[in-house]
Every structure is written in C-alpha cells, then in structure tokens.
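There are two complexes below, and they share chain A, which is joined by chain B in the first and by chain C in the second.
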Partner chain A sequence: MSGIFAYRDGGSVVSGEGLLKGSSISVQANMSVAGWPTEAGSLALKGFKAIEDATVVKSLRDQGASIVGSTRMSELGLGLCGDEAARAVAEGFSAIALVTEHLGEARLSAAKAGLIGYKPSYGLVSRHGLLGLIPSMETIGILARSAADIATVMAAASGRDERDFSMPVEEVPDFLNGSGQPGIRTLGWIRESAACLETDDRKAFQRCLEGFAKAGLTPVEKSMKEFDLFRTVHQIIGSVEASSSAGKYDGVRFGYRTPSAKNWNEMYLKTRGEIFGPVIKPFLFQGAYYQFMEYDVFEKACRLRSHLMREVQRLLGEVDALVMPAVRRGFDPFEAASVPALYDAFLFTLPANLTGLPAVCFPFDDGGQARCPGVQIIGSRLSDAGLLALAGERMQTTTKES
Partner chain B sequence: MQHEAIIGLEIHVELNCLTKMFCDCPNRPGDEPNRNTCPVCLWLPGALPRFSREALEKAAVACLALNCEIQKRSAFDQKVYYYPDLPKGYQLSQAHYPLARGGWLDVVDEKGAPKRLRIRHIHIEEDVAKLVHELEGRTPVSLVDFNRAGAPLVEIVTEPDIRSPYEAMEFIRNLRTQIRYVGSSECSMETGTMRVDANISIREQGSTAMNTKVEVKNMNSIRHLGDAIAYEIERQKASLQSGEAIVLHTRLWDPEKGVTLPMRGKFEGPCVPDPSVPEIVVSEEWIGRMRGLLPEMPALKTARFQRDYELPRELAVSLAGDRELSDYFEAVTRKSVAPRTAAHWLMTQYLPSLKERQLPIAGNPVTPDRFAGVLLRLEKDEINANAAREVLSRLFESDETPDAIIEQGGYRQVSDASSLETLVEQVLGSHPAAINDYRSGQGKALGFLIGQVMQASSGKANPRRVREILVSKLT
Partner chain C sequence: MDFTKRFWCGSLRPEDAGREVLLAGWVDALRDHGEVLFAHLRDRSGIVQIVFSPERSSADLCRAAELLRSEYCLVVRGRVEKRRAGTENANLETGAVEVFAAVMEILNASDTLPFTVSEKAMAAGERESEAVAEELRLKHRYLDLRRPSMQDNLIKRHRIFKCVRDYLDEKGFIEVETPTLTKSTPEGARDYLVPSRIHQGHFYALPQSPQLFKQLLMVSGFERYFQMARCFRDEDLRPNRQPEFTQLDLEASFIDEEFIYGLVEELTVRMFAVGGIDLTRPFPRMTHQEAMETMGSDRPDTRFGLRFIEATDLFRDTRYGIFRQILDRGGRIKGINIKGHSESLSKNVLQNEYAKEIVPAMGAKGMTWMRVVDGKLESNIVQFFSREEQAAILERFAAGNGDVLIMIADASPDLVHSVLGQLRLHLAERLEMIPPGIFAPLWVTDFPLFEATEEGVTSSHHPFTSPHRADFDPENREELLGLKSRAYDLVVNGEELGGGSIRIHDRNLQSRIFRSLGLSNEAVEEKFGFFLRALDFGTPPHGGLALGMDRVVSMVLGVSSIREVIAFPKNRSAQCPLTQAPSDVSREQLGELGLLDLGGDKALPGTVKKEDLLEYLSWVSRIGVNETERPALEKALAEASLLAAAIDKMETDAEPVFSVAPVKGRIRAGGEPVVSPYSESRALFANAPAMKGRYFKVAGILE
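And then the complex of A and B:
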C-alpha cells in the first residue's frame, strides 16, 4: 500500500453531491491538492506542499468525488517507474486514477494492467496546479475500469479555466450524451507503425484489426513515411521544454539543497547536480544542449512537428480514426532506465502527445483469436467522446463474449 | 583619421498598469518587499501565467505613439538564463515575434537639421525580481524582492541610426514625451521607470562597416546617457589608436567617476517559444480601436497651436510637449483669455510658481478658472502686471476668488485721469532735474519719472496712462 501512494488522505473521505458522487479518485504526486506534499517523485520538490488545489482537483471535488491520495510516480512524471496508479485502481483503492501524460504514461500503465487508459485532446483539462514538465504536450490522463467512468470524469474535469491560458477557446465535447457526431466506422492503421512490431506482436495486431472488422468497423491500411520522426521530434522539443520547466528547481525556496557549498553559486550548481536522477538528468541536459548549442535543430523539430500534425490530420481526413498498437514485446515501460529506452517503450503512444490529439488505449479480447493487451485509437481533435464510446462498446462486447 | 559613432538604444519602459503582467498582483514595485506576490509571480511550481489585457493595451498605445506597426500575430518566448533574480530560469519576453515593428521619431540634430531615427521593434516582457545586497552583522547577504517580478515592460529597440550623444538625448526626450502623452508610463530614468542601454561602435567616416559594439548600462538620467555615450566614443577611439581590439562586452557607467567600466562578457541566452501563453492575435479593428485611444499627439498639437492660436513655434512646442500643460492652456483660453497672454503667463509665471512650490499641474489650487480670472482683469487694464503677479501668488495660498483678492488687497489699478494727474504733478514738482533731462532729449528720464509715479501710487497706477499724462505734460 505504501508502495502505491506517496500520500494518502488521512481525513474522512466524504464525497459530496454531483456527477461523481461516491467516486474515489487518486491523483499523482505532481497534481496540487492544498496542503498535501507535492513532490512529483523528485528530490527537487522534497517537502514541497501545494498551496491550493489544482483546477482539475477542484472540479472533481465539486462534482462529489473524493480524492483518496496521490500515487507515487517517476521523477517529474517522465515515463513510468512503476504501476502504482494502475494498482490503485486494480487493487480497489480508487475507482479512477489520474496520471500525467507526457509520452503515453496513462495509456501504457492501463495496457499493462488490463484497464482503459485515456489521453484527452490537448487543452481540454486545465493544467493549473499540475507540476508539469512538457507544457505543450502534457495533459492529465485517466485510468479506469470502464470508458463510462472516464467519460463522467471528463464531464466534470473538462472545460475552460481562466487560470490556464493555453486552453483554446472551443466547445467542449459532450461527454455525458455521447459523441454527438457520427460514430467511428473506418480505422486507419499505419503500415510503418506495424512494421515496428516483432512477428508475434504484428500477428496479434493483425488479428485485432480482423476483430474490429468482424465488429463492423473497416480497417484501412495507410502509410506515413515520417512515422519514425515522431520520437525524434518529441525528444528534441520535449527535452527543450523540460529543461525550461525544470529551471525553477534549484533548492533555494523548496526541495532538497546540497549540504555542502561554499557560496551561492556553488550551492546552485551542486544542488542541481544532486537533485536529478539518472533518466531525467540526461533528458534535461539534452534540452539545454539544444537551447544553448543547437537552436536551429530545435527550430527544425518545431517545423517537423507542424508537418507531422498536418500529415496526421490528412490521414484523419481519409478515415474516422487511427488504430495503433500500444505495447511492444521487449520494451517494458516500467523497466526503461534511460532516455532511449523510454522512447523505445513509448514509441506508439507519444505521437498523440506530440500532436495534441486524443487517444484511448484498451485491452482487446474478442474471446477468440484476437487478443491484445492494449490497442490504441487516436482521433481528431475533440473527438474524445466518440473514442471513449467506441472503447466502451468494444470492451462491453469483450465482457459479453468472454 | 576621422571616426563616426554608430549608436543604437535599447529602452526598457515600465508600463504603469494596475496589475502585473501575468497575475492580478498590484504593480507597485516600491511597496514593502514581497508584499505584492502570488504563486504566479513567485514562479512557484504549478502556477501558470495569465496575460493581462491591460498590459497589452498600454503597450499597444505606446507602440502607436512611436509610429510602430502593431503586428497581427506576436508571441512570447522564454529567455533562458539562471540568476537569483529569476528563480524560474527564464523570463517571458518576445524574441521572435515582437508586438510591433518599424517605428520612428523625428529629432533635430545639433546643427538644427531634422532627422528621422528609426525604431526596429518593440516587444513586451516581464520584469525580474530585485536583488538587494546587505550586511547582516558582518555577513553579506543577498535578498530577493519579488514585488517587481512580473511587472509589465516594453523594450524599444532602435536601429543604429544615432550618430551622437546629442541625438541620443533628443531621441529619449522625444520618446518620453510621446509615451507620457498616451499615459502608458512616466518614463523617468531617475526613478527607474525607464532604463536606457546604449550600443556603441565606431567606424571610419564614410565606411558602411558595422564594427564590434559595446553595450553601456546604468545611466540614470538623460544627461548621464549623453555623458556615458560621449565617454565611450572617446574610449573606443583611443583604443583603436593604440591598436587595441574592441571586444563585444557590457560596461557600466560610473556617474561618480564619469567613466564606463567593464562588467561582463555580453551574454545572450537562448529564447524558446513559451507554450503556456497563447499567441497574441489582434485584428485590424482592434488596432483601430487602440489608435482611437491616442490623444492628439504633440506634433499635431503644436501645428494646431501655431495655426489656431497664432503662437510662435517655440511657445507652441513648449506647451504642446506636455499633455497636462496643453490641456490647462486650452482651458484658460476657453475663458476668453487671449491665447498669447495665456501662453506667455503660463510659461513665465505659472510654471515657475509651481516649480517653486513643488506642485503638479493637475490638482493644485490655481485651477484654469482662477488663473483665467486674473488674466482677464489684466487684459481689461483693471490690474497691472505687477498686481497680477501678486494676485497669482496669493491664489496659491487662499481659496478666495481672484476678484475678491483684487478688491480686498487693493490691487485694482488707478486709471482715472484726475487721480493720476495729481500724482504726476507731485512727482514733477519734486524732480525738476529729470524734467530738464527729458526736455534736453534724454529719453530715459521718462522711465525714471514713470517709476516715481508708480511708486507714489504703491504700484497701482496704470503705467500706460501715467506715460500718456507725463508725455502730454512735458511737451
């Protein structure tokens, strides 16, 4: 239990009236809950307590949810050091777990635990109070047993917050009354992504596609030659943004501070040398390197990001949604102990973070041949409700047939 | 070998907004340290910036006042550097897409020739915290005051069009007038609401080369700006003559010694787009609305004052250069005071009186109404100039109307012929020598006699009438 939570609410867990009446939700240790330790899995924030609730926390509580605790997490939320959030749900501590998505953390955590994991369209949920790392990609992700639970959480959590100016002004999907748009019929699958799978995984993915076809959907083969650029572009832009975001971690006002420094300059240098662990440190170094030494590479990455977004948009003009594998044999996200290993493990999930598109990942099992721990559907911007509806349908079918 | 100086200025102007740029904290940097702070401007984890519309509007009218073109799209970048005054690790600024580009201001150079100096761009940025270095007992400590953190600034970057300290000073004076006019800032170098850095290089006369520049900072008045540039030009010339290379670096002006001293290598941190503040997108219509907020600017007003009030150019420039003063002037003329009288008395009597008493134009006891009351009596010959000066001075100390002061103080001038003739007869009787002098052609004896009559009347006689009577008696 102590392995799951960084902090558990000792007070009485009272739930109020509203959409989420009776729902227990765990947050992550980088989401602000007033008075709770908010260390984001990092020495840099050791002892840091949030001053006020994150907007998402407030929204959930306003709709009757009880926030039961914050789960342990990887350093500053980059990747997954373990499956704490998934275990909080699987072992019944909370019905729902929130996980910060930088690379696909919520989706892969769900895939490993047989749960459904969801990443909203960028900007649908306020980031105010989130101790984030990659501001242009990060979102609150959600883990739950059912798509309906996620939709209810989103009905409460989504919507404009005047404290997060990065949220676009747009109409929020109607999560309670379905997608409000025609359902998903055609599913594009990208040849180049499937090619990254080993033979057994590829066969399993193909059987999933056949399973979708049996269920009345139409898989369509698509090509995207730039597929292998997603990870490179994500890494360059992500590391640059992370380097800026982590600039405030210096041990002066909060967090760990080196005990041995002769003057303030040395205090800064030694503290920053000591507070970051073996995965995040090289990542921040890379970001600083692009900032200070190779700015034009960063600019090129930004242009490529726009290009990749247009390409995905083009595909989404031809099909209703994209279907993609999530996990790969031999690349366990929980074991990823270096930046390259991280990017190997999150290869299929990070495109949604880079492009800001919504994605849902759920176990596929039609009771027959088609079985896959996590299959991923990526939709157009704000098609979130439709994606969750599709995932819900598929999972219900699974339950019925099995 | 003749050298010329190439000078460009970077001017930080603190906007006088009510709140800071990315939060609702009061924009009062001078308050007790760390009073005006919140998680956003303390840059604490989890806080996000919220861009202030007021800052955008104040910046936009300042840009328009400097003849710049507001860009339809502009965006914030993170200017990355690590220093205790910026514990966030980056400053929000606009490096790649500034709010405005391509402005200019006209100045008159030292030879009297008009010259247009171009502005490259104007961008918005947040100020950083203030470091205060003190001793606690014998231990030196550095304290951080976040009142200034997140205060709204614009930075105005000129083209390297300036050729002399004089032009730089004129440019800054003009810029200050324009920005004060639109009400975006006080632009005081003395109190720090305007900070001017100068980039200076020199080259052979006639060359088009752009040589290595040196940045000079820390000037806290327009005069120091001129002195620092003049010093730096001479220093660079001397360096060149002794064969020393000019290296890119920053120097601090030392006002005590009157020299510039090396501070550090010039550091340019990287600037990456900030993902949390959205792009600023404005419409033609919005720009038009901002333009509509501009008052009549000094150049136009000067022309109008020359045309409509028939003021000499210099007087028109002086009045129009200060928005409050010009408003005051026009309020006085609306009371039917002759514009020239009003202008002349404002510049020679009213302003010096304010300065002496350290009073502002707005809100001092001598309202345009009361001031006009004095001038109207003067114009009607009911009081003379001496009396008018005294009445004006009494107006600062009393709530009485000018009329009441004139009546009670006996300032009304004596113009009736019989009283004046009596006085003249008395004076002529006691100064026969002066009469002879006048009659033998010494014109200045008349002035003496007028003075005597004035004195005899305790200053109340109408000097014009006195002169007429004297002249008729003496010829």
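And then the complex of A and C:
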C-alpha cells in the first residue's frame, strides 16, 4: 500500500452530501490539495506542498467525495513508469482515480488493470492546480470500475472555471441523463491503425469488431493515410511545450536546488541538470532543439496538427464514433523508459490527446471469442456522455454474460 | 524671424506686461475653450501660456493654431499681459502672465508621442505628470530629456561638475586626460576589450580606472592632477550600476591623509550645496574595525543608532546551553537595544518572523530576543539566565521598559557582525528610524591591507596601497593579515561615494608587497613591469582618491537611480534601448578585425565550444549535462532531427493551431485586477529552498 500512495490522507476520510457522497477518490501527486506534498514524481518539486486546492479537487469535495490520497506517478506525469493510480482502484483503496493524460496514461493504465479509462474533451475539466507538462494536450483523466461512476465524477468536475484561462465557453454535456442512450450506431475503424498490430492482436481486434456488430453496432472500415503522423506531430509539439513549461522548474521558488553553485548561471544549469530524469531530459532537449534551432518545424507541426484534426473530423462526419485498438503486445507502457518507447506504447491513444477529442477505453470480453484487454472509442468534441454510456452498456453486457 | 531677439519663456513676469516678445519652443500642453485656444509653450527656461483668441488674433492665426498638437516646435510673437485675477496658475513661475499671440509659425510638427512629455498641469487639480515605463523612456530618451525634471537633473549635474573643476583649479590641480585605449591587465577580468585592426589578434582594454596613469603623472612631477574620467567595467548585472561611469579621479604629491580629508571635505560640502544640502565639517572618522564591531559594515549608515553592544563577558559562567557551547568554541555574543519598540516588535514578530525566517536567511543559526516589561526581561528563554545575568544584561544594554533586546551568538565573530549589521538596517527601515532629509558623511579609515584567501592573502584595495608600517615579514601570513593600510573611504548615508589611499612610492616596499601576494618576479614583470620601472626614477610620496560622480549627483539630487542623472544610460541589462547597443556586427567587419577564428589555439578554461549543438542547447535551456547522459541526449537530438526531416517534405495548406479549442477575448468577470491572497501572506515562500528576508535567495551573479 505504501507503494501506491505518494501521500495518504490520515484525517479527512469523512465525506459530505452530494452527487459523490461516499465516493473515495485518489488524485495523482501533481494535483494540488492544500497542504499535501505535491512532488509530481519529480525532484523539480521536491518538498513542494500545495498552497491551495486544485479546482477539480474542490469540485469533487463539494459534491461529497473524499480525497483519500495522491498516487505515485511517473516523472511529471509523462508516461506510466512507476504510476500506481490503477492499483489504487484495483486493490480497493479508492473507487475512482484521477490520472493526468498527456499521451493516453489514464486509458492504458485502465487497460492494464481491467478498468475503464476515460479522457475527456480538452477544456471540459479545469486544470487550475494541475502541475502539467504539455498544456495544449493534457487533461485530467479518470479511472473507475464503472462508466456510471465516471459520468458522476464528470457531472461534478466539468464546467467552466474562472481560474483556468484555457477553457472555452461552451455547453457542458449532460452526464447524468445520458445513461443507456449512447446514440452511437456506426463505428469507424481506421485500416492504417489496425495495420500497426501483429497478427494475433489484429485478429483479436477484428473479433472485437464482430462483437460490436453482434451487439447491434455497425463497424465501418475507414482509411486515413496520415495515421503515422499523429505520433510525430505529437512528439514535436509535445516536446516543445514541455521544454517551455518546464522552464519554471529552476530551484528558486520551490523544489530541489543544487548545493554547489558558484554563481547564478551555474545554479540554474546544475539545478536543472540534476532535477530532470532519464525520460524527461531527452524530451526537453528535443523540445529545445525545435525551439531554438528549428522553429519552422514546430510551426509546420502545428499546421499538420490542424490538418489531422480536420481529417478526423471528416471521418466523424461519416460515422458516429471511431473504434481503435489501445494496447499492443510487446509494448508495455509501464516499462516504456525512453522517448521512442513511450511513443511506441501510446501509439493508439495519443491521437485523442493531439486532437483534443474525448476517448474511453474499456476491456472487451463478450464471453465468447471476442476478448481484448482494452479497446478505445473516440468521439466528436463534447460527445463525452455518449461515449461513457456506450462503455457502460458494453461493460454491463460483459458482466451479465460472464 | 530673428531668434537673437528671443525672450526665454520662463523669464516673463508681471513687470513685462505690455511688452511685445518673440518666443520659441515646444507645445507643452493645449486647452481648447471653443473660440479661445490656450497653449503652454516650453523652452529650456520654463513654460508660459500663449493665448489665441478671435478678439486679439487674426482669423488666419486662430485657424493655424487649431492645427497645433503637443510637442510641435513653434515661434510666436505676441504681447505679454497680466492674467485676470483668479486665473493665475500657481504651478508655473510665469503663472501670473500670458502672451496674446499676434504672429505664429510652426517650425516643425511632431508625430504622436509615445508618452506624455508635459509635466505641468494647465489648471489646478489636473494630473501633473505620469509614470512611464523606464524602457520606453530610454527608447525615446530624446523626448524624455525634454521633460523639465530631466533637464533640471542634467543642468544640476553640470553645475556640480563645474563646481568641482572650479574648486580644484583654485587649489592648483591640473586636469589631464589619460588614454581610453589602454592595456588589459591579467587580473582585469571585467575589462571591455577593443580589437586592433592594425595588430590583428591584439586588443586594447578600456580603463576600469586611470590608476597607473595618475600615479605616473605624479612620477612626472605634476604634483596635483585631476580628471573627470570615464571608466568602464563589464560587470554582471546589478541594479544601479552602469557599464560606463564617470569618476572624479585625483592624485597629489607630497601630501598625507589630512590633506586629502581637508580637500575632499570642502569639495563635498560645495557639491552638496548645489542641491541645497548643508554638510558640516569636519566629517567624522571611524576605523574599519570600529565600523565592523559597532555597525557590522565597512560603509555604515550613521543616520541612526542601534550600535552593537558587547555581551560576551556577561555570559562567561552561563548555564544556558546554546550560549555555553558557542563560548566554549571561542565565540562572541553581541546585541542591540531597540529602544521603546516593544509595541511594534511583538513576541510573535520576534519569534516567528525574525528568529525563524529573517535572521536565518541572513546567515545566523539563531537569534535571542528579550523584551523589557515592568523592569524585567521577558522572553521564551529568559528562565535559563540567572538573576545576576539578567541584571547584568539590563545594565549593559541600558534597558528600560518598552525596550527590545536582540542578541546574536556565534562561534565566528565575523558572522555575528555581519548578521547584526544586516539586522540593524532591516530594523531601521521597518521601524522608520532613519530621519528624512539627513546626510551623514563619514570617513572609514585603517582598512586591513590584506584579506585571507585559501592559499595566502590578497590585497583588499589594490597592491599599490601603502601599509601603515613597512617592517613586516612577507612570508608570515598571520602578520600580513594584521596589517592596516593607509586607505580611506568616503561614505554618506551608508553609501560609498568614493575612496583612495596613500600609495607606495618605494620600489623595495612595493616588491615586498608583491612577494606577500605570492607573485613571482616574472608575473610581476608581465603585469606591472612598465610601472615598477617608473618607480625607480625618484618617485615622490603621493596619494589620491576617486569619487563616483554619478552616485554623488544622484544623492545630491535625491533621485533613486543613477540613470536619472545620465543623459543616455544603459538599462538594467546593460543595453541601450535607443541605439540597440550592443549589436551584432557583420562577418566582414569581424574578418577585417581578424576575429573570425580567434582563440583557436588558446584553450581557455570555461570557454567551451559553443558550436556543439548539445552544449548550445544545454546552455540556452539552462539544463546541465554530465558525461554519462551525453550519449542518450545525442541520440535524442539525432531523433529530433530525423522527425524534422520527416515532416519537412509534407505539404499542407492548413493554418497552424496552437490550441484545439481556442479561447478568444477572455476577460476576468468584473474586469478588476485580482491580487492573489497568497502574494500578501508568506505562503509562497514556504516552498522556497532559500530565502533572505522577504526575497527568494539565489546564488550571486558574481562568483
């Protein structure tokens, strides 16, 4: 248990009235809870104690949830090396876990533990108080055993926050009354994504598609020849944003500072040289490379991002949602300890982060041939409630038939 | 128009009523009263109001006046008249008169101004001048200098400089210019270098001070020399420093300290008198040791008390463990008495602010405080002191009701002084103990000749400063560290305005000083050979001093920054926003100077090759790299470059997006600025690795 939590709340397990009355929720160690150590898995925030609650924490508590502790995480939340959020739910320490999504961390940790993992539409949940890394992509993701639990959390946590300036003004989906009515009939699957799977995995994915068909949905084959571009564009933009947003980690106002600096410049060089670990550091150097040497490449990547968003939107005009594999045999996201390994492991989940679309990942098992530890449904912007309803329906069937 | 017949705008008075005058200057401000237009016309002397009215001026002139805008350059002819009672403007020296325009010519129009130049309101109750960002002011310095306050600063600076020249001339001093292109000395690490085109690969240095030249002028027999010398120092950034600055440099032969004190005191009195400040002579003097022991600073602020009181002996037999341990290690205990301030320094402030945060940030391990209530000491530790000790404390600190005593104890006396010195300034500022409008000059004398280094000693001032006595052993480090120098600093209100010394004129003594510094004969020859040779030819005894004139002028004028008294200063980042200096230069220029591949054969420590991509990125993103990480990072950069190449070929007409859900025109509800409550409390400091007072502490900019 001590291995799961970075900090565990001793006192305030009592929960109040509201939608989440009696729910226990764990946060990650980069989400601010006033007075809690908030080190984000990084030496850069060594000893850092949050001064106030993140908006999401406050919203959940206001609806009666009890925040039981913060789970251990990868360095600054990039990838899943050392992430324990899924274990907190799987082993019953909390009913629900919040996980920062940069690449698909919530979805893939759910897949590993047989849970539902969900990434909301970008801008739906306030990130005020989240110590993030890639501002244009990251969202607060959610893990739980049931889609209904996730929907309830979203009902409490979504909506405009004056203190998060990246949130657009828009109608928030109705998470409480969408249950049972996903409104999704056609599911597009991208040929080029399935082509990235080894034979066994591809067959399993095909059987899942058949399983969906049996359940009354219509799988439709689609093509997107730029599928390979998702990871490249994500990596270029993601590294630049990380390099920029990690600029604040300087050992002056908080965190670790090198004990042996002769002067000001050396203090920054050494401190920042020592605080970043073996996964983040190469990523930051890649970002610095584009920022300082090849800025045109960054801008080009932003153009391609726009192009990719347009292409996905085109597909979503033709089908109700997209279905995509999530995991690949031989690419364990929990073992991915280098930048290329990360991008290999999160290949199928990162498109949703790059495009800001909602996605839900759940284990598929219809009791027969169709069995897959994690399959993903990606929908249009703000179609979150429908995706969760569909996941809920599938999970219920699973439980009924197994 | 004949400008020789011109009147000064600022000179017109009621006695001038009825005169026809010709005025020229700039439109300071305008006020349109329908038919009648009022304009403030400004020249260097001041401002006067011009009236364009249909009753007194032609219709053509009134139409022409409608075109006027701020800072147009004009010439006007008109008639001076007394203003009607009740319409005088007390803000203007010419406020009792106005000039009715008969003829006006626009000499030059002005573009829209980047900021308001005018400082004088046209009517009571209007805003007089606005605060403008300094960077903007510096970028348009020529407009900034149009403002009367800035003109006044530079005019006063001129007056002060003139008073210096007049006085020194009176005293028989000769102004001699020394070169600006000089030789870089090996220890001159902060020299600005100037490449020589003729002697490629060789450099002149700009002087940090004319020290050696002025001593050579004494060898030459000028006896009394001075110069308003421009000096240069390529220092790391510090507030209130300029890369180039003006120093009054003076040197005289056959003199002693008393001559310098007398001369410089009279000079200082005259300079301050330009700003209407009276200084009383003679200036008090204090040895360096006394300054350190009683005020913890070599440039003490003597405008207020809070002198240190020795308390080590009071605790000789104490049972208080912390003091006991410090005294057993040969430590010192000293304190200050903050008289009558127990109201403002509550237990909470003393314990939670000073003892826990402020004093540790100053470098002390702890602080002891006591308050005097009902004739008795009150504190969290007073119970550890015997009745006799408590009585002795009250007596030694002359403590009475309402007093607060603070003591610092440490094994290192230097630390005790340094911390109490900082605390003294901190408390004086917080408790507003510094009387306004007071100027307290002070001579600090008898500085140590040497300071300790890890291996030996180094000069505290410079190696040409004369020691108090010549009979020392250059090999005896302890003895060297005990030597005093014949140096002196002039300090006013805790700021060092200048300093100097009586120099060594004896070659033998100079050699023994170099030996004490551990310099080999070869090193001495290379550094100062030409100068030592000069000492061989009958050098007279001499000494001198240098005063930082930018600092003097800003203190006399009471402005906060020396940039306010320099016409075209550099900003805080040592750049000139007006001319954009320092700037890039063309490759051709570098080639002509032979600078394209300089230093290739000299591998200097610390000047690592910046052309290495990884090194470069490590530097610009301030992320250090060690050797074991290098291969992985090289690989990451190779990968980044491959990705760049991969998307380089792709064609797209899409506009770049930086957010998947762009937010437009988002304004905080209510539109009012909101200050975080945490910026007021000290909560933001709770996570800081190091603090000093109310600031985050960082490593020094200088090593």
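Quick note on the criterion: the second predicted complex is superposed on the first by the 395 of 402 C-alpha atoms of A that agree within 3 Å, B and C clash if a C-alpha of one lies under 4 Å from a C-alpha of the other, contacts with A are read in each partner's own complex, and residues count from 1 in each chain.
Following the convention adopted for this analysis, a residue touches a chain if its C-beta (ideal position, glycine included) is under 8 Å from a C-beta of that chain, and two chains touch if they have at least 3 such contacts.
Quick caveat, the model's predicted, so the values are computed rather than measured.
> Consider chain A as the common anchor and indicate whether chain B and chain C clash or fit when overlaid.
Chain B and chain C clash in the superposed model.
> Taking the superposition on A as described, I'd like to know which of chain B and chain C A:V252 touches: first, second, both or neither.
both
> What is the contact status of A:L322 with respect to chain B (first) and chain C (second): first, second, both, or neither?
Neither chain B nor chain C is touched by A:L322.
> Applying the document's definition of touch, where does A:W264 land relative to chain B and chain C: first, second, both, or neither?
both
> Does chain B (first) or chain C (second) touch A:T355, or do both, or does neither?
second
> What is the contact status of A:A65 with respect to chain B (first) and chain C (second): first, second, both, or neither?
Neither: A:A65 stays clear of chain B and chain C.
> A:V297 in the overlay: touching chain B, chain C, both, or neither? Say first, second, both or neither.
second
> Look at the residues of chain A and decide whether chain B or chain C touches more of them.
If we count touched residues of chain A for both partners, the winner is C.
> Is A:F48 in contact with chain B, with chain C, with both, or with neither (first, second, both, neither)?
both
> After the superposition on A, what does A:R310 contact: first (chain B), second (chain C), both or neither?
A:R310 sits against chain C, while chain B stays out of touch.
> Scan A:F165 for contacts with chain B and chain C and give back first, second, both or neither.
both
> Can you tell which stretch of chain C bumps into chain B once we superpose, 73-81, 217-225, 541-549 or 667-675?
Of the candidate stretches of chain C, chain B runs into 667-675.
> So which positions on chain A get touched by both chain B and chain C?
Residues common to the chain A contacts of chain C and of chain B are 48, 51-52, 136, 162, 165-166, 168, 243, 247, 250, 252-254, 264, 268, 291-292, 302, listed in rising order.
> Name, in rising order, each residue of chain C that touches chain A in their complex.
236, 613-614, 616-626, 629, 632-633, 635-637, 639-641, 643-644, 646-648, 650, 652, 654-663, 666, 668-669, 678, 683-684, 686-690, 696, 698-703
> Over in the complex, which chain A residues touch chain C? Could you list them?
Residues 47-49, 51-52, 121-123, 136, 162, 165-170, 229, 232-233, 235-236, 239, 243, 247, 250-257, 261-270, 272-274, 276, 278, 281-286, 288-294, 297, 299-307, 309-310, 338-340, 355-356, 381.
> Along chain B, where are the residues that touch chain A in the complex?
39, 42-51, 78, 80, 82, 84, 87-90, 142, 269-270, 272-278
> Given the complex with chain B, which residues does chain A contribute to the contact?
32, 38, 40, 45, 48, 50-52, 54, 127-131, 135-136, 162-166, 168, 240-241, 243-244, 246-248, 250, 252-254, 264, 268, 291-292, 295, 298, 302
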